[in-house]
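Each chain carries a letter (A, B and C) given by its place in the written order, and its residues are counted from 1.
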Amino acid sequence: MSHHPAPVVKPADDPAFKLPASMSALSVPLCGGGLILMIAGWAIANFMVSEKVGMSAYLAAFIYCLTLTIGCLFFVLIQHLVRAGWSTVVRRIAELVMVMIVPLAILFIPIVMSLLTGSGTLYRWDDPEYSVANHLNANVWEAKAGWLNQYWFMFRSVIYFAIWIGLAVYFYRGSTEQDETGQRSVTDRLQYWSGPAVMLFSLTTTMAAFDWVMSLAPMWFSTMFGVYLFAGSILSAHCLICLSAFLLQKKGAMRDEVTVEHYHDLGKLMFGFTLFWIYIAFSQFLLIWYGNIPEETEWFYHRQEAGWEYVSIALVVFHWIVPFMGLMSMFVRRRPAIIAFWAGYLLIMHYVDVFWMIMPEAHAAVPYSAPAATTPIAVAASVMCVVGMVGLMLGLLFRVAGGSKVVAVRDPRLAESMAFENV
Amino acid sequence: MSLAIPNGLDNTVERPGERAPLVLGDTTYHDITETVCQVAERKPSKAWVIGFLISFLVLQWFVVCILYLLYEGVGVWGNRSPVFWGWPIVNFVFWVGIGHAGTLISAILFLFRQEWRTSINRAAEAMTIFAVVCAGTFPGIHVGRAWLAFWLAPYPSLNLWMWPQFRSPLLWDVFAVSTYGTVSLLFWYMGMVPDLATFRDRSKNKWRRMAYGLLSLGWSGSSRHWMRYEKAYALLAAFAAPLVLSVHTIVSFDFAVSQVPGWHTTIFPPYFVAGAIFSGFAMVLTLMIPARSMLGLEKLITIRHMDNMCKIILATGSLVGLAYGTEFFIAWYGQVREEKFAFTNRAFGPYWWAYWTMVTCNVISPQLFWIKKFRTTPWIIVLICIFVNIGMWFERFVITVTSLSRDYLPSAWAYFEPTWVDWSMLIGSFGMFFTLFLLFCRLMPIINMAETKATLAKQIHIAHSNGEEH
Amino acid sequence: MSDNTDSNDTSMNTVSGDKKVHGTVAEFTTVDSLMDACRKVRDAGYQKTDAFTPFPVHGIDKALGIKPTILPWIVLVCGLTGTAVALTMQIWMNAIDYPYIISGKPYISLPAFIPVAFELTILFASFGTFFGMWILNGLPKFSNPVFTDPRFDRVTDDRFFLYIDAKDPKYNQAGVEKLFGEFGSDYIQSVVEDDSEKKIPGFMYKVWIAVAAVSIIPLLIGLKMRVTNSDQPRFHIFFDMDFSPSKDAQQNTTLFADTRAMRPDVPGTVARGQHDVNFRTGIDMDAMASIDGVRAERLVRMLDDDQPESASESEESAPETTKSVMDTTPWLTDNPVDVSEETLLRGKQQFGIYCSVCHGLNGGGNGLVNRRAQRILAATWVPPSKLHDASLHADVYPDGKLFSTISNGIRKMPGYSAQIKAEDRWAIVAYVRALQRSQDASIDLVPKDQLEKIKKQQAEVEAALKAEADKANAGAESAEEETDADTSDAETSEDAKDESA
């Protein structure tokens, strides 16, 4: 048995648990700058390329932030569900990210607005001419329109947000309440509800992936799609937690709490989820490629033409092979700076993944037009949009974190987590 | 050294910040050795003998059926146009699924540092291997001329002058299942070597000593050996974890790469894997709960172990339910005529009884595990687990038979009916499985003693540092 | 394997009694006391040390100063070998040595090769792990000096042992025993050489040789089979597989209830290139089914049995005078083939070949056979219908019925379904309709530009006929014989008349 001295849990008001002042100070500039950058990105794409590309870039940015947020939500739920001990020191980071689902719900409004115009700007099914222009079978389209129509879509979106906000706020409130009271019963209560919460989460995530991303190609369908989006989401959530912990430690917070063991474990999970992501992505591709049925191959076909083939291959190489090799070694996983680098790298690759999911649909409707979404200006505008939105989210996150703690300071498992060692 | 934990302690309750004990009673390292070794060392109980005789008889019947099949040809099965994948494939997928829990417990729970796995992983791994043996039998005899099954292997043949077809998922299956069987065997055996050394060192009989001596390879418990052994164990776990996922994924590819309505759907890989874990855990519990009370292992396989496994059954059962729902929804959402028909046909066609049996057993019955009382009462667990096993068999039946019996060509539709040989072989495979399992109980260490002792050591260490003893 | 420093018996520097001493071992009862002892032994400068425990003790490698193993590197190499072997094997086998296309996939189908590549990567890496670990550990090794101590049996139960090898430069038996004594160990013992019988028991050799000999027999039989010839007939285990009982079309079989070896089409199926029942019978079979289901079924079954389609089978038995079933049959009223010039030309050609011999080239019912029959006064002869007769017009005699008559025959006329393809029969029906139209049509239907030409031709023909009639009147007797001798001439002239009409 190891004979390390038992870790000392600092008092709850220790400055190591506060968000570093240098970060709090960034809150307002990040919010303002982010908002301006986001709108500028959208405007550039909207007016200089096309309305469709503008809205698609906005949706890509939104889905990127959303996957990070709900990935963190899932992280929190699953830690409670399995009564995890190791993760307590970093769980608050995920809890802070997951409450960003509230401002994200507001950022969904522009998507609703574009839907209300009924011109198919973003979702092609929203265009009443769609089925006629694409020579669809009237019966088939009538049945699909029963699901894909403005109001029913909006209603479902409201349900998803309601469930996520409910879960995020409940678990966040419970955790912060424990910061004050230190009651174990809070942990018991959160653990009790984590099971049903995970069920609700998996149902809503699957359906939201179908509605918000898959329906961009109205006739395409893949039962795996929800899992695919989830795989990217959970991977990037772990990356975000890892990178945040590293940056917070750099700025002086939670230096004694998060140890190399936690980076090691997060690194293992990142490695595992990289593998999980390629497993899901490859299975989905293989089945559609092998079956070779026209209504299914359409989606991958659009991603193999007009320059998208390079993005597709790049995803395999840079979203899987490179990080897979990079994260394989224990040497890497036990070096916080290196593992934080890979976390940042994978967060960028996750945007490429989201971009690849959403943007090809921005021009797939007009097969012979120039690939508007791959022009440098469209790419630059999309990047501005996502950087802006992430900035905005970070700004709000710092604001929330400033009024809270960055570690669940009185969690009964904090000491266990601090003493955690990889076997 | 010892740690007095009352036998009746409810170790399913865990205060946050503390960890519930996994080894109960006033148990010492030596007690663990005694508890586990007496299972193999004492005279076989009457129940064991009767169980073994019945299983062995059923196994003989299985052998007779296989010989009859080889002599007469595959026509003795109910497989007729258009259902050429009848019960043999259903049984194959069923057994492969059962075989997933062992490696999952050993590998994935190991990687996630779930210490409660230590007292059940050995039996579960053994079960994996026996289930894979049962599974492998069915495609082997389903190829028709079973004595030529070796043609599946890529060997340079002077007669054939050709190679297997690597673009076929059926060949992927050959590689996946044989790799899985091999790696599981290595993992199982490697994990057993230190315990076989315990058997060797305890045996009074010269022959026993020699046999266990050979099997334990001269294990001495040296720290250097342990260090490499643990590294190897972690590495094998790291390989077995994606392997266990890949096996049922590839089994699902057998179905999903085709264009048969109801088979060609992208969720099949994770859905099959979830189903496999689900059925595997149910089978582990079905076997371990009677074994635990008959062999006197209550202190090592506690209620907490069962509680945890029930939770996994609940989680995977719900995942399977979600996948059923997703399939139905997308069949409607996709508005492909045949796909829509395939799913309506499943639920309301001639095999509605199979479908609703499946849904009841797989989705509804595990929901009872939300209630703690059901997770902690052994006979209820066994009952629900038997339902889950039945349901998972029916799941494979529903997938295989409903889609094939009514696919694109209505003129070829037919109702599949099993023959007595189909029934005999399904039952016979259980005979083989139980025969092997009962032999294992008598001959091999049924619980991983070394790892359980390590868990106990950790428990003692924690107790010491909390100052509760000394 | 540099990190393998197990105790072994290469150099002995101490002797206890008459046996060589390999080192000294001390027994502990708890993990903590062992760990303390390990640290102290390491700090005391001993290097060739080892601890023996019943389970892996976390942190003991540090306490003893054991170096990490190189196993992961071996495994990495094995895994990569597996990937390379799998991909090379698949590409070589399926794309180079034995290439063929399957399910429209390219020879080198990388996505389809991934599963096997993955499996073999895992398999090779697992072999590397498993065998690498045993080799690095120097196992199996059945003779080990520490096993000589009976108390050591408890190392796999509940006792912990610390061992210092005699090869350690600092080793000194008394010193080590004293050190161990300080740790509070109750049991300190020298590890001596294993003096048990080193030789493997003789019967083991016999067993191995016997097993080896037996296991080689199948191989030898196989080899013999490959190199020797035999004039004996082959032994057939599965007789019906070697001699499959294939049947010819007209043979009997016991396999099917109707004893026919040749199987009819599955009811309700449509073979490639085959037309539907309506096309093949001229009957609207759906309507028929609602009137007389039994008969419709019988008719369809007869089609499936590849028998000549005989929609009129009941007609032959029914007296012609009564209202026959033929009148109630829902005949098709529209010609199912596309009536085009091409169809009509085809119909004309077929009509000329098959029908005109009786019905005449113009359908007037006076073909060569009829004329011959009239001439020889054939008693049983029924004259062929005059196709222009009003009773055969489309309003009373629908296209379908006409088609059925051609197919199945009527009165003396045989059925032609065996000779004429269904499409061609429909073409004949179309042509007959054209012929009917041609006879009763008014001249006004002819386009104006053609009218003059036709009138001119008509005048010429009429003149020619008149001249011929005059000539005939002149020598009636001789003309009659001439016509008899060369009917074709007369036919030709008649043709000319038809054409001009």
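Keep this in mind: a contact is a pair of C-beta atoms (placed from the backbone, for glycine too) under 8 Å apart; a residue touches a chain by one contact, two chains touch by 3 or more.
To keep track of the chains, here are their UniProt names: A = Quinol:cytochrome C oxidoreductase; B = Polysulfide reductase, NrfD; C = Cytochrome c.
Just so it is clear, the structure is predicted and the values come from calculations on it, not from any experiment.
Colleague: Just by CA atoms, which chain is the most central one?
Modeller: If we average C-alpha coordinates per chain, B lands closest to the whole-structure average.
Colleague: Could you find the chain whose CA centre sits the greatest distance from that of subunit C?
Modeller: A
Colleague: Counting C-beta pairs in contact, does A-C beat B-C or the other way around?
Modeller: B-C
Colleague: Can you give the whole-Å distance between the Cα centres of subunit A and subunit B?
Modeller: 35
Colleague: Can you give the whole-Å distance between the Cα centres of subunit A and subunit C?
Modeller: 45
Colleague: Which integer distance in Å separates the CA centroid of subunit B from that of subunit C?
Modeller: From the centre of subunit B to the centre of subunit C is 33 Å.
Colleague: For subunit A, give me the residues that contact two or more of the other chains.
Modeller: 1, 286, 290, 423
Colleague: Using the touch definition from the top, which residues of subunit B touch two or more other chains?
Modeller: In subunit B, 169, 242, 253, 457, 461 touch at least two other chains.
Colleague: Touching two or more other chains, which residues of subunit C qualify?
Modeller: In subunit C, the residues touching two or more other chains are 31-32, 57-58, 103, 105, 112.
Colleague: Contact residues on subunit B for subunit C in the complex?
Modeller: Per the touch definition, subunit B meets subunit C at residues 1, 28-30, 33, 145, 154, 161-169, 171-172, 175-176, 179, 182-183, 186-187, 190, 194-195, 197-198, 200-202, 213-214, 217-232, 235-236, 239-240, 242-243, 246, 250, 253, 411, 449-451, 453-454, 457, 460-461, 464.
Colleague: So in the complex, which bits of subunit C are touching subunit A?
Modeller: Result: residues 31-32, 35, 57-59, 103-105, 111-112, 114 of subunit C touch subunit A.
Colleague: Mind listing the subunit A positions that touch subunit B in their complex?
Modeller: Per the touch definition, subunit A meets subunit B at residues 1, 6, 82-83, 85-86, 140, 143-144, 147, 184, 187-188, 191, 195, 198-199, 202-203, 206, 210, 221-227, 268, 272, 275, 279-280, 283-284, 286-288, 290-291, 293, 295, 411-413, 415-416, 423.
Colleague: Touching residues of subunit C toward subunit B in the complex: what are they?
Modeller: On the subunit C side, the touching residues are 3-6, 29-32, 50-58, 60-61, 64, 66, 68-69, 71-72, 75, 89-90, 93-94, 97-98, 102-103, 105, 109, 112-113, 115-116, 118-120, 122-123, 125-127, 129-130, 132-134, 136-137, 139-144, 146-147, 153-158, 161, 241, 266, 268-269.
Colleague: In the complex, go through subunit A and note every residue touching subunit C.
Modeller: 1-3, 282, 285-286, 289-290, 292, 423
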